[in-house]
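Letters A, B and C name the chains as they come in the text, with residue numbers starting at 1 for each one.
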Amino acid sequence: MIHESVIFGKNVTFGENIIIEDNVIIGDNVTIGNNVTIKANTKIGNGVQINDLTILGKGTSTNKKMARKPSNSADPLVVEDGVIIGCNCVIYRTVLLEKGVFVGDLSSIRENVTVGMDSIIGRNVMVENKTNIGKRVTIQTGCYITADMIIEDEVFFGPCCSTSNDKYMGMGNFEHQGPIVKKGAKIGNNATLLPAIVIGENSIVGAGTVVTKDVPSNKTVVGNPGRVIK
Amino acid sequence: MIHESVIFGKNVTFGENIIIEDNVIIGDNVTIGNNVTIKANTKIGNGVQINDLTILGKGTSTNKKMARKPSNSADPLVVEDGVIIGCNCVIYRTVLLEKGVFVGDLSSIRENVTVGMDSIIGRNVMVENKTNIGKRVTIQTGCYITADMIIEDEVFFGPCCSTSNDKYMGMGNFEHQGPIVKKGAKIGNNATLLPAIVIGENSIVGAGTVVTKDVPSNKTVVGNPGRVIK
Amino acid sequence: MIHESVIFGKNVTFGENIIIEDNVIIGDNVTIGNNVTIKANTKIGNGVQINDLTILGKGTSTNKKMARKPSNSADPLVVEDGVIIGCNCVIYRTVLLEKGVFVGDLSSIRENVTVGMDSIIGRNVMVENKTNIGKRVTIQTGCYITADMIIEDEVFFGPCCSTSNDKYMGMGNFEHQGPIVKKGAKIGNNATLLPAIVIGENSIVGAGTVVTKDVPSNKTVVGNPGRVIK
């Protein structure tokens, strides 16, 4: 069912069993796969590809144990020109995907996240809320990007990296801060980044490293705990 | 298609393209998203929210290489009052989700699992069969909860934790035992727990730790292999 | 919608909201779940089970930042007799699933991959392109199998293992090589394998190990970095 208030550009291609809710705006030359749901107020630019079984513009949900309630912003999901979104993705409201972004299959991006121009969010990547991802960033398959992170331009995350933002692991309602990854840093596969650590510009974190403290710029860290090598 | 034998409470909201098989019972004030499939005999309490593209009550399947055949129990999936289930989830038969449980998007829970009251199963968490999860437990995004685990009340798993239950890694049909995590223990992100280890009450496992032996109560372990620190 | 050019065997069972594109061939005794999409030219053998919300035969997609363009082969996905595919899977074109293979829920397999007879691809496993997986291999839940890997017969991967194929982490267009895992090797859960390393026949990699160099046959490695133990 496509709501009568939906506005379409030219040359839009539709799959089957599509649901598009009210006040959605869709640009020219957009392709929408089978079984796609686009929630109310979502804005889709020109040339966007949305693959099968994907949900765009999901609202917030919580249970009573969650101490930290996400803002219930009504801001829509905005998908800029040329974005490609895979199959089986779940992208929330209050997200901005800038021009040319690629989102792989089976990924999910929560509220209040910006993904910068031409960046890659690999398959099965989970991004939490309130995180900012720069331009030309690569986040490979299976990474977990926690809430309250800052990822600057041209950062590279290898596959399966893990991040966290809560030193106290759920004990009380302390302020959370995810890692801050500076421009051009490269993080090897399955690395572990602790809350609030800073990875300096152009630094390299080896595969499997557990980063427990800040890494200066232009350094390489390896091991558990991570230590700077020459 | 909704089977004629399905019993509904009051004020149930339906998405599109829903399939509900025979003998399903659905309570009052339930919301069912688009493209949801509810398999035969599933029981859904009051106030439950089921988001788009989710499958409830899936049966068992195996191939001939799997030495260990899951029981082919016909017991249904039971979803108690106030449970919230995300998008693109796959929840099997013979599972009990107690009152107020939250299950995030892209998660899956296999047979013979109980999730206790108000617990949180994060996005993209995979839970294997025959595991018992207590009340008010938090399992954050991307964790892997193996079969034959015991997770007591108020345990906290940070994101991307990994567990295993088979010391012999597939060599023969030995008995399996997953980790046992005692009340109030906290496990940091991307930690690795080996088969059959016990994490004591209120102990803390640092992020990225590889836990190869039992951890006494009220201790902290870090490193690879994990060692107790003061 | 089922395209009129589709060829069916005997005794095929259909769910609802199924889309089957042109020139698909389907064998006898095949079961197709709800909301399944089968893309053009896919070939499905006898006795295959395809569960709900799965996509078979997806084409390639990229954005402009991806240096390395996958081949745009028009070869179809071929699913041999007796294969079982879970719910919410995304399997690409130019993949061969040999007889008796099992693919768990929420998994994805990219182009130019062969999975050998009776092998198990667990739930939420991501396989990249140009990787060859032997016969009777077990890849447990949540593993990440990078591109350009060779996995020989009877290899065992525990849950959540991570692999990589790019020493230079995205810096330029160097040749990529994934790990090579020889016959009968066993990899513990959440292990990290670096690009191009060779794991010898029947060797064992402990849980949480970071393997930074080749492992001879019949050895055991543990730690970060991985070291051979007696």
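In this text, contacts are C-beta pairs under 8 Å (C-beta built on N, C-alpha and C of every residue); 3 or more make two chains touch, one makes a residue touch a chain.
Given the structure is predicted, the values throughout are model-derived calculations rather than measurements.
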Same or different contact residues where chain C meets its copy chain A, judged by the half mark: different
Between chain A and its twin chain B, rotation from the CA superposition, multiple of 5 degrees: 120
Gap in Å, rounded to a whole number, between the CA centres of chain C and chain A: 24
Chain A: positions in contact with at least two other chains: 17, 35, 53, 88, 106, 124, 160, 190, 210, 224
Complex interface listing, chain B residues touching chain C: 1, 17, 19, 35, 37, 53, 55, 58, 61-66, 88, 90, 106, 108, 124, 126, 128, 144, 146, 160, 162-164, 166, 169-171, 190, 192, 194, 210, 212, 224-225
Of chain C, residues touching chain B in the complex: 15-17, 33-35, 49, 51-53, 82, 84, 86-88, 100-102, 105-106, 118-120, 123-124, 136, 138, 141-142, 156, 158-160, 186, 188-190, 204, 207-208, 210, 222-224
